[in-house]
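Chains here go by letter, A, B, C and D, matching the order in which they are written, and residues are numbered from 1 within each.
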């Protein structure tokens, strides 16, 4: 296993070119947030915007519209019952994040399958949270975008891969990830990332992060990084590293680190760790 | 009476083990917040999350969904009219906090009695605020979880115990607490905690705390501490001490201390006062 | 005219007694905030809570419930269409603030007249904003609480007193205030306060304060001060002085001072300027 | 082309006269914010208030009422379906900003045309965002207020002027702007402002600003500046300069600058750069 270290940051986080505009930094559609789990999609959206994504649209339950804008007037909103409005947003996105707080009811399943139908070869698709559970339980096939990125925790990975947690060795995981033609980010206190032939292990992370919403925030960050940076595998590694590096820093002063605090710390962290000219 | 001092903190607030995940730090269900008193359950939930609870679900009036997520995207939401969704959350929780802003109408009574029916022997149940009034006025019996913790102010304690405020001596209180088989936290400017044979008196606290919402915050903190720390009696004492210690510190710079400020100060306070290895 | 100076502060802002509870610091009901002017009652409520009032209930349009709790989980909420719930809150309050953002439609008039009917001799009533316009246009008589405090700007004072702005001399104003048996706070860049035989002029204030919501904040502060401090006339003078003193301080660093910033600065300002023991 | 430099600031941002009140600093009506794009009008309103506008009313979809007040209790709200209430607000404003997040549906078109009918010769009208698209697609004529200010990005300018982006030379742009009898602010990484015979180019701006909502914030700032300062052309130049100067400063510490951060920095920036006496 290769270690993910701070070396990845300067390889990924480029200095922004002077003559650029918001479209340069990608369009992201985030799909999730039932009435019960609205906070999850808000935290993912927050991460995407604070990571620097150009244009962010959040497709969620209408009861989450106001909280979304309270945290993030910068995000656009689409009612997840209004697929006519959502479809062109999904098709026009460079990056789609589906799953944070999506839930597993019929609407959730319908959103997942209709999104899978729309996904095309110029997109990065990030499948997270309950979308992974739906994927497994309904024996869905992943669509064929330019790149699929799966971000399960260990139980979700068991559901998707069929490998029990105790048996989730790097070899077994890699085999399953290869079969899925996907980058797989298996979240634990030392997160692993499976990219083709290589297994990466994150070197950061703190138990202060062990709180609800951390995974939603990571999914949004991977969205924000892959929307902006051309090497999607390295962008994923850099997002994983950044997520824990910020948490490690905050944990020097806090017993618990709240997910939204990581997002709010992104702009300063990214500037300090961008590529030198 | 024994004094509660800062000695309790390092006995309770353990250093988090490296290999842990959000489930390690407990699942809390908070039940309360009518349309009139929504702020109370938001403040209790805020305290639980900022104290480090792993997974927090707030069961409340739907008009409070957005305010909850504005303060706390980290919390999950359940409509308190939807008991079908609420029931498995309540059963699956390690700690239940019921009462902050619950009100005393028929829905409130129904939520209380149905929750009491679900409570089982692996749970800690914290009964606060209007749940105590309902308990007294409807002559309900406490259920039999692993532990009941009651957090009345003096008038609520009068209702529950039948002891008039003027007669609430340590001896009388202890007798009543013993009969209830519960830890009882009687809130006043020097809060007392009754644990089996022992009466504890808090040594901190400031009149700057005398403002609406302080009790809701304490109930949420006791929830957060008992969810994470194994000795529930000591966790209760540590939460009581922490609540007033943060207030005392803030009161050096503020004429009044707002409850939400105490919660927001928890992560730094707890790190400074955690057990040394 | 007497000058209002910082001498008033230590005469009014007492050190809080150790053995006190939230009821010691008063119960305030604030009535206002139509759908169009919801921000006004939120700003008034914010001022009341941050000034240290013990228990605050805001009676307002239901579309303002969530914004109220987003700013202030410490406040309780009552739907202003539900007078059955509002009436006991109004009767049980020590201080009533009516007017900020109330509007002038039929519901507003009904709320005003029904509140006037409930007011009793143990209360302080603060009449602000559109309540003053309604008072004038409908030729209502003020009720007879322990004390009426009117907080008009100059145009509202013209409506209430019949004195045109150009003719609003201290002598004319004092005569009208005496006839109303009320303390009258006439807001301008040098606010005047009429108390029985004496006219006071504020010595602070900055044009950086000339922005919407300043008056609502002052009304809430007068509510918070009169709820806590026994000499109501002096409490009013101290609130007027504090409002402009905080603004003057903020204006050293800001081109415009937002009303909510004044409220948020209250706890520190009040501690620094409390009476010495 | 003339350069817009910090010299413009002290020519425009006057020291506020002591004897002034909120009316001195203008009344602004902002019209925009569909259900999908509510954040845009919130960001524009935030900019107007923090720039120091005296009285701000936001006319928007009712689903945005709460988010508006969460960011800005200082703003008044009107439901954009209630034109009876909106019309006198629009007529009574000194400055109207129409377009941020307005959308392009039938309601949006109706709001635009009805606003155009109400506009009169004592007003400044700022046409932004989707209002520009509607203007172009429906071949509407601009109304005849005292001054029209258009704030297109390059694609919107193509729609309005018919000049393709590649052909948007200063000469071509100036000719089109002159034909429109409007100040035209063409937004890009070096924004240009067309005022009668003169073309101005901004000297500030950073790629950290390339994120959704920046244009909405600029439109609100131009609203706030033209509401307060008598020379409307210079006020526009000063707003353009201020917007990028604040962003440049924030970008020294942040990889991406969020639009709302620019608004929140306005009060301090404006004080530092106001005219000396």
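Heads up, the rule we're going with is that a residue touches a chain if its C-beta (ideal position, glycine included) is under 8 Å from a C-beta of that chain, and two chains touch if they have at least 3 such contacts.
All values reported here derive from a predicted model rather than from experimental measurement.
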{"item": "Any chain in contact with chain A as well as chain B", "value": "none"}
{"item": "Interface residue identity across copies chain A, chain D - same or different by half", "value": "different"}
{"item": "For chain C placed onto chain D, the superposition rotation in degrees, Cα atoms, nearest 5", "value": "90"}
{"item": "Euclidean distance of C-alpha centroids - chain B vs chain C, Å", "value": "34"}
{"item": "Centre distance in Å when chain B and chain D are each reduced to the mean of their C-alpha atoms", "value": "48"}
{"item": "Touching two or more other chains - residue numbers and ranges from chain D", "value": "66, 70"}
{"item": "Chain contact topology (line, ring, star, complete or other)", "value": "ring"}
{"item": "Set of all touching chain pairs, with the criterion as stated earlier", "value": "A-B, A-D, B-C, C-D"}
{"item": "List of chain C residues in touch with chain D within their complex", "value": "35-40, 42-43, 46, 63-64, 66-67, 70-71, 153, 188-189, 206-208, 210-214, 251, 253-260"}
{"item": "List of chain C residues in touch with chain B within their complex", "value": "13, 16-22, 24-25, 49-56, 62, 65-66, 69-70, 72-79, 85, 266-271, 274"}
